[in-house]
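Note that the chains take the letters A, B, C and D in the order they are written out, and that residue 1 is the start of every chain.
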């Protein structure tokens, strides 16, 4: 695959309102830089993230999807992230089975206090996706940007 | 066995224990068999059939049948009983309205495998001591029975009836099957090879929806692919939707609920091995969350509506994967 | 046709310095459905809000997008503004272009581009927003206070004062907590017991307060206004209702070799015990690990001497369940274990003690009756060395990264008290910094230096070595003099760091509240909501939220009480309308959603449907109780047919956001 | 202040001197304290200031036993001994900076001196 130096991946981050979105806000409050590629979608809980959303993002041309939630045991809704963990593990395993690059998907637990972790995670994830190059395996050609 | 089944069905219809019978009837050709509902002794005598081609899983039809008045007699093969149980668990079938007679299972035959031998103009098929005698318009031909067995029967997981009101014939055991062999083989390929394999297979999809329509786990009142509100509705084959969305979402929707009855691959006119997607989920669930067989009972929690505090993280996909 | 208004905030220069707000407003003005797109200095200001309100009225807006700070900050402000202009508050969406854009990016071009995408995403979502109306849910007029230290007692007293019933759950046999163990309090040097015990008595006598001592919270269900809490009353083997607290059993008990927790293990108690004279409730408790009757079945002395017949060796743990409208957490702190600090010889030498142990050694009710004696040989110490910051301000796994806050002051107090009582004793305090921000605090510290001649030395103790003559060699640096000192000491007192109680972590999980990495409870806002947790109806009192001294703890306890009272005063609270709902026509009744609902908000009903052929069909369908649902959305993903959806975060809304980002 | 030298010392020691909270526990714990002109906490502080040449000229860099007591006990994980070592390396790596020449060794030998000590000394004091 040709490596495009100027490739700027589109990264969709689903963040739960209580921990990870607050963590993202904290990294802003602390002025911790991470790449502009990351765009956050606020969801009440990581368990709101339907696998359909992830596939949809890839189909529409996202190059990486990351889901962030409260640490296991700290879910604002008690158990939401435990369900997330099972669903997403199975989905990621299936995507892997279908030959989709593993580094395009990620799940990370980020608490409201972990602004630094949020920034570092996004930095790393963006780099990983950048290294993979554009998502060609799951996108819908009709959605491709010119 | 067919005679015993017809006899018993007539008895139950006659004494009013059941109002309808669900089984199979012959179509235009001997191998062209379809599930059917019978309401009288005459219909049973005329059309009811149970032979080497009655592979269809009738449990899904009971969703609609039990919404009607009266009681239904259903003949269920061992694999069908799992689907039946799963539907009972999901409140899709009213157990009270069904009288289940467990019958012996396969192996059933795959007409495509017979045709693949170059045999055409088929009129009828007989199994004589595990050699198939195939009557054709060009005369009688033979082939070994096991070479014509359906894929789903070749990797049969269980000969045990998990639910029945009575049995005709013997009950069997859960088998030590080799059903994950192909999944493992794929897992051991490189990502590019897997991608190529699936692109090759899934791009054949013509979106006939047969897999969905036959699947006993796909009994939604309104399928997400037909529902404009779902945001992923799509009725006709379009670009990469089948490869990238349809089959993944369908497999995910039945994950933890699929009993591995194998109907999806049996009915696929394009011969896409769709059951491998379901088996991948089953294998992952067994390995990551403990052995689970959907439909084995009606009370246990499905793996995706359950959790353990020390479940593995999705990063396990990185850790255990090849390449 | 949608008529959407976009309002881009400069937030002074907070946004405008790195995002070209004019370009954002201009670009978003071209998005479909947008009829007005403006920017303004401070959108959250009165005049900024006025701008939004006027636009809603003049332009007949059907949706509003505010590009500003985090929705966690001002979502409510703008929702209220919209409501006052006649627009349903849930037709407002916030694009976070401050915390998630201008503050983290430096390049104006890329930050502006991102801000436009974030704004576009919000516009795409608001297209699909629907008006939502909040439900009301009743409030149970009773509060639970977890922890019976000074924080819990003060909170309970204040809530009871306001006329509400309060239950205190305390894991120890008596309330009182750490303050009961303290001798004197800074900076006034009044006796801790003299000011605490009246409050303990007041709590026990207040008819609105129920004290569950020797009890633990076992389970918490429900939500703000309506928590159901299961309390485990641990078996104390003494019938609380019969015991008069006469103490005869504790005198007669033959097993007297049990380390006394109240005196930090510096002396012993009996197997049946009352922790201290002023304990509340004044009821004996049998320690089954030491009681000979419980261990071998031979003894029964306490049972024989108890005239009230209160002893019950067969007593079992019992559980009670109670509804509460509000919960206040006051689980407090403990000094850390010093096992990992070999250099201070805490485990080798009995004369190296922690500050809390020193409190007991100096207390009149302590092991020495108030005379300060060395634990090893009961001799009078002539040289005492205090070491500050033991385990505090550490960047390693041995200690805690934070300042424990109270040590500087209590050490000054100890030093002063010792010099006052025993003028022949030399007192050295090794400090890194002396931190005394507080009313009359620095004056207090200066008195220790100037009036009492305590030797404050800037530097740290490197090694404590017990010597064969019973003395202790303290090797330390004096950074100002530039020398390494050796002090021949009689006692060493370590100011051990404090940490949250170990029960706090599992409790936080039960309460679904957040904690920081040090296991302190996280407040809803570090500045503006310091006594509330992020979980509605859960309040924080005292050191469970961070290191605090007594006045601060009491202040926070009363603040938490005020917040709890504010909640209990309401007859009902407005529920979050962003809850799940099921489309009956699509629901299969499969029960998947019910299994993942943490609140039991989903039930099933058999419903009759008219079919296209005019026949009717009865089907089992899910029904969500909107007052119970908290809107997590777990059910929406569990639902195979997509019948379950979440208002405010619907499938189509989230997918529209995905599309807008990927466009 | 010599910026290059400071950077060299910081890099070769791998120590973040800014983590120091100036408690002096390193110097309190140091067994060579009285032998040293500059003490462990001063090393950290002076490296932070960039005053490294002074340290390089001082005998103190050869008095550190590299016992790592300061490393073990530093509450902030600063690792002063590594700073001392880095300054010493900067010194011995200069031209003619070797503290010990192989020709010095015979004079230093005595019967009780373990072989390993000689090897260690060579490693520590010469490039």
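Brief remarks follow.
Here is the rule we go by: a contact is a pair of C-beta atoms (placed from the backbone, for glycine too) under 8 Å apart; a residue touches a chain by one contact, two chains touch by 3 or more.
Computed from a prediction, not measured in an experiment: that's the story for all the values here.
Top-ranked chain pair, ordered by C-beta pairs in contact, is A-C.
Rounded to whole angstrom, the centroid-to-centroid distance between chain A and chain D, based on C-alpha atoms, equals 47 Å.
Centroids of chain B and chain D (each the mean of its C-alpha atoms) stand 75 Å apart. Rounded to whole angstrom, the centroid-to-centroid distance between chain B and chain C, based on C-alpha atoms, equals 54 Å. Distance between chain centres (mean CA atoms), chain A to chain B: 36 Å. Residue numbers of chain B whose C-beta contacts span two or more other chains: 224, 230-231, 304-306. Within chain D, not a single residue touches two or more of the remaining chains. Annotation for chain A: residues touching 2 or more other chains are 51-52, 56, 73, 79, 83, 87.
Pairwise, the chains that make contact are A-B, A-C, B-C, C-D.
Every residue of chain A that touches chain C in the complex is listed here, in rising order: 10, 12, 17-19, 21-22, 24-25, 27-29, 31-34, 36, 39-45, 47-53, 56-57, 60-62, 70, 73-80, 83, 87, 111-114, 119, 143. Across the complex, chain C meets chain D through its residues 343, 389, 393-396, 398-399, 432, 458-463, 475-477, 479, 482, 484.
Chain A makes touch with chain B in their complex at residues 51-52, 55-56, 58-59, 72-73, 79, 82-83, 85-102, 105-107, 137-142. Looking at the complex, you find that chain B touches chain A at residues 183, 186-187, 191-199, 224, 230-232, 239-241, 244-245, 248-249, 251-252, 255, 277, 280-281, 284-285, 288-289, 303-309, 311-318, 321.
Only residues 67, 90-92, 219-224, 227, 229-231, 253-254, 257, 301-302, 304-306 of chain B touch chain C when the two sit together in their complex.
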